[in-house]
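Some structures are shown below for you to check.
Below, chain A partners chain B and then partners chain C, in two separate complexes.
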Partner chain A sequence: MKRFNFILTIVLLLLPITSVQAVEPLAVVVNKANPVDKMTRSELIDLFMGKYVAFPDDNKALPVELKGEHDIKVHFYQKLVGMPLSRVNAYWSRLRFTGRKRVAILQANEAELIDYIIANEQAIGYVPKSLITEDLKVVYILNE
Partner chain B sequence: MNKSGLVIRLAIVIIFTAIIVGLITTQIFYRFTFLNEQARGEQSINQLYNTVSPTASIASYLGDKELAEEVINGLISNDIVTSAAIETDVMMVKSDNYFKSPDTLEFVLFSPFQKERRVGVLFVKANKIFISAKADKISGTNTFVVAIEAFIITVISILVTYYVITRPILSIGKALHSISPGTKQRIKKPTSHQESEIGQLADDVNDLLVKAEQQMLREKSLRSEVQVLESRFRMLFENATSAIVLVEPQGDILLYNETFEMLIEKLQLPLKKNYGNFLQDLFVMKKELHEQIKIAFANDESATSELELISSSEEKMWVQVVVTQLITDDFQENYQITLHDISKRKQQILLLDQKANYDSLTNLLNRQATEQRLKQLMATKVPFALIIMDLNDFKPINDIFGHDAGDEILIHVASQLLKNLRKADLLSRWGGDEFIIILPDAKKEEVINVCVKLASTLSKPHNLSQHNKSVFVTASMGASFYPDDQVELLELIRVADKAMYQVKKEKSANKELYLAFASDMNKPENNSQSS
Partner chain C sequence: MFLESYKPFLCCLFFAFSSPALANEGGNDKFQFSGFATLGAVVSDSDHHGYRKTVNSDEAVYSGEIDFKQHSLLGLQADWNISSNFDFVYQGVLRDLPEPSFDRYTTLAFLRYEMNTNWSIRVGRTAPDIFLLTEYRDVDFSYIWATAPNEVYGIVPYRSIDGIDVTYNKRGFGGVFTGKLFTGSSETEISASSTTEKVKIEDVIGISLSFDHFNWVVHAKHSQVNIANEPESNAFLASGISQIPDFLWPNSQAFAQSILMKGQEVSYSSVSGQYQWQNWLASAELSQVDSESDVVPKINSGYAALSYQINSHQMYGIYAYTDSRIYDFNEPGVNEAALEEVIHATNSLMNFYAPNQDTISLGWRWDISNNIASSLQWNYTTLSEGGSTLWINKGESHDEAESINTFLFTLSMVF
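Let's turn to the complex of A and B:
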């Protein structure tokens, strides 16, 4: 119960920030060289939730994520699977017992994340729409 | 114990009812329990599904066999699950004994992230045997409880019924059985039923017994009264000096008294059941009896008649007969006939009649009676011949031998005359030595014939018993005819007398002459006849 209250407090504290952030849509981006131009929401879920580790064209995929409980990360999962990050983490924890391992690359901030995608052809990640550069290819806009 | 007795019957009914109700109850309860358990089993499986569905969804979504197996193993570790399986597009994970059958429960699994995305199906088979075994166990216990309950209720019912209802009723019944109505005996009210319906029953029975006793006492006194009355009537009837007979219209005798029996005995007749209508066979003059009855009944009176009884003995018996019509309570016509013996009175009357009408010496009709008879004959217009006879030479016999000899001659003459007359003829002593003979319906020739016979009979000598002397008498006779000569009695006698004196007068001249007819008196010549 205490824990629940704690989470509730955090959520309430974060709520004005997320709502500010929510105004700005998130974009799912890949390396410019990646042949995939567009992806569906299901394909994105399958990729980020560990069902598949490859793009629809069967090329290996490397999801790139922000470390910890970054606002953008929370926002992303909320938008993609409708779950708070804690539940997503719980999901991964459960899977860990069956020997399934997360194959995501973790980056400390948005800049590093963008750099990694630009440097890595197999990478896929999410950034606020405002941070999109010419070097990135947008395959999905999250926030409709 | 009586097999059809109240207690046994009641016990049988209660036991059977208990068994049947128990059986039905347990059956219904078993069905109910079974269905309940089945429903509960399904509910449990649903709950199990709810428990495992997130994991199963993840396993299906990822196509993770290990995770799926974990779910399956978890499911089949439950008693109510026999086997389970998870099927997705890419894999099929199932427990060892799983096979698809119609009773398999299906749960569709959706993606944990997209609720509309179908990722697989979870199959679960419920453990029917376990469920029914569980139902059996529950209902088995229940049946046992119901049976015990039924047994206890049955025993209590029987005991209560026996002690509260049956035994008191039986005791009343037994008491009633041994009581004879009309006595002082009463039924004892059961102590535990002073106020109940059974107590009421005992009270009512006692009331009835009281009434029966009163009724019987009343009847008893009435009966003794009737007996006294009956014995008096019997005495009256049996000791009556008159014979009393009750007959039916056809003459069947219903009742008779001792006097009647004695009368029949006296008549030397057999005692029969029927002597004809109104006992007519007993009487000489049946016609008169019936006539009297007819007249009397027409006037609504009792018929009374004096009648002679038929009798083989010489003594004549006369009775006064009274016939009364009786209508019985059931509208049957009967006749009461009383026969009162009047023989003695009749005899006395007869004797008086004899004295008044007959000559004491010759026992012939005297003059007075003869006149009466003649008047009767004339009243009925019967023609007859009248002969007046006078003895000749009677006076000398009287004078010589005395009056006794004269009387003897008169008796002798009378008997001789009677010998030569018919039954219908009349012989009378007219007075002294004069006799009158009446011959009904006689013609002149007959008169002559009779007179010839009489004359010749008289002419025979008679031996006087006291004098040892033979004498004979002759007679002079005059005859007249009714109604040819005279219609008046005195005239008729006078003319006959005249004819007779004519004979007497001429006797000195003609010794053989003894008869003259009055009709010949007017003719001086040929006025006599000789034989």
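Let's turn to the complex of A and C:
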């Protein structure tokens, strides 16, 4: 019984940090007109970690992110680079505050992020798989 | 300097585009504000050697004191995305400075043009890419330690370079290669126990190369600068020595000439690497400062660090050292008994840039949230006789060997 209570406690503690959105697969999406059809995990790491901000055809990319500490963002970086958001922020603070890299475009919510990608041919972002529409092209699926 | 000449233009540009009306009009994708801050506390146990973060500082921390000025700072940055190819960045960092001014507080103010994915060019004030951390050593949230190792970074006084840099990026061999060439000028202050000297450098030429393979990265950097002004201490002592008659100091004028620094070349070189394996992070850097000047000896420095992550906590250890020749007056034929004070002043000047010490550090970083972290670090420094360049001597003549404990606590954040 003691062991059951212990496991139950652990499960209850973990519940708040695993939202519905977080377990849903995330799709990395681009503008429908973008000639790129798929990307590798390594290319996405280079792009979202500011190392090489371009598509596989060497065309410049414009990463779009959600503002703040959104669950989707936490989940995306944990799955992509295996880092908690604190370490991703620490890493990005080097790039941002040295002026080495241009910062990502920030949007307030998923709807605005999708609108931005639809309006910009160079844009790339990530959304829960359920939000994919015909106006977006999926280039990678995380956590499937 | 560059920024002095263009300050009115940069001010107008910054304030014009930082107005809320324009920010709203441009949309949140055009204009972004951000910042970083550190609240840092330091205690140290030496009565004679005062701890300081870099040789800029004219104040120091002695036994029985608690200091909040050495490591505390506030940085504010504005990024303006002018178009898909152009952006402008302004950054000001408020901190304790020996000679505060708008010019000194401004650490970044540049216009960038991205020609294509591979090439970009920046014109204006940028951070110095001399050693691995010199660009972001004041962004404490960005690295695990409470501070960058003094043995390597304490001797570098420059916080910015006014000029131009060109960067090339290319993906290949499973990673990303980056090469950067930069040129420009800079000025700053260097302090000793009783004096603060303005130091100007010009004709800076540097190259920075790196290969980043996500879990490991290697860097090689080399830059050289020309000293553009004569520090008052050097000029004063040289003038005094040159007037000493030959029977007391043969060829005193030649020696006086050798301690002048204006026009002398100084070079900075560094190789470094970082490797991440599961929860372990190892990093190391070897650096060298070399000069044509007799006053700046060859300084070899380095550090090796290892950290281990447990959830939001990281435990780390660092070993750092710096080594340079100690000058001991031995000029032939000089009447040392008659010139005791001059010889003492000569020894002090010739050892001003001669750090000799090593430090073992143990620390703990806690990521309190995704944007706030604390670091607690204990430094045990073994200081060699005559090698206290990185410290401030309370007693003018006290420069004996000593072992010093220093405790640092930083609360750092980004926003």
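The rule we apply is simple: the second predicted complex is superposed on the first by the 116 of 144 C-alpha atoms of A that agree within 3 Å, B and C clash if a C-alpha of one lies under 4 Å from a C-alpha of the other, contacts with A are read in each partner's own complex, and residues count from 1 in each chain.
The definition used in the following text is that contacts are C-beta pairs under 8 Å (C-beta built on N, C-alpha and C of every residue); 3 or more make two chains touch, one makes a residue touch a chain.
Remember, it's a predicted structure, so these values are computed and weren't measured experimentally.
Clashing of chain B with chain C is the outcome of superposition onto chain A.
Contact with neither chain B nor chain C is seen for A:40 once the two complexes are overlaid on the shared chain.
With both structures placed on the common chain, the touch criterion links A:84 to chain C but leaves chain B unconnected. Counting residues of chain A touched by each partner, chain B versus chain C, the larger count belongs to C.
In the superposition on chain A, contact of A:109 is made with neither chain B nor chain C.
When the two complexes are overlaid on their common chain A, residue A:96 makes contact with chain C while staying clear of chain B. Among the candidate segments 5-13, 23-31, 59-67 or 401-409, the part of chain B whose C-alpha atoms clash with chain C in the superposed model is 59-67. Overlap of the chain B and chain C interfaces on chain A comprises residues 42, 45, 49, 51, 81, 91, 94, 98-100. Chain C contributes residues 28-29, 32, 34, 36, 75, 77, 79, 81, 84, 87, 89, 91, 108, 110, 112, 114, 116-118, 122, 126-127, 135-136, 139, 141-143, 169-171, 174, 176, 212, 214, 312, 367, 369-371, 373, 414 to its touches with chain A in the complex.
Chain A makes touch with chain C in their complex at residues 42-43, 45-46, 49, 51-54, 58-60, 62, 69, 74, 81, 84-87, 89-91, 93-94, 96-100, 102-103, 105-108, 116, 122.
For chain B in complex with chain A, the touching residues are 55, 58, 61-64, 66-67, 70, 111-114, 117.
Contact residues on chain A toward chain B in their complex (touch as defined above): 42, 45, 49-51, 80-83, 91, 94-95, 98-100.
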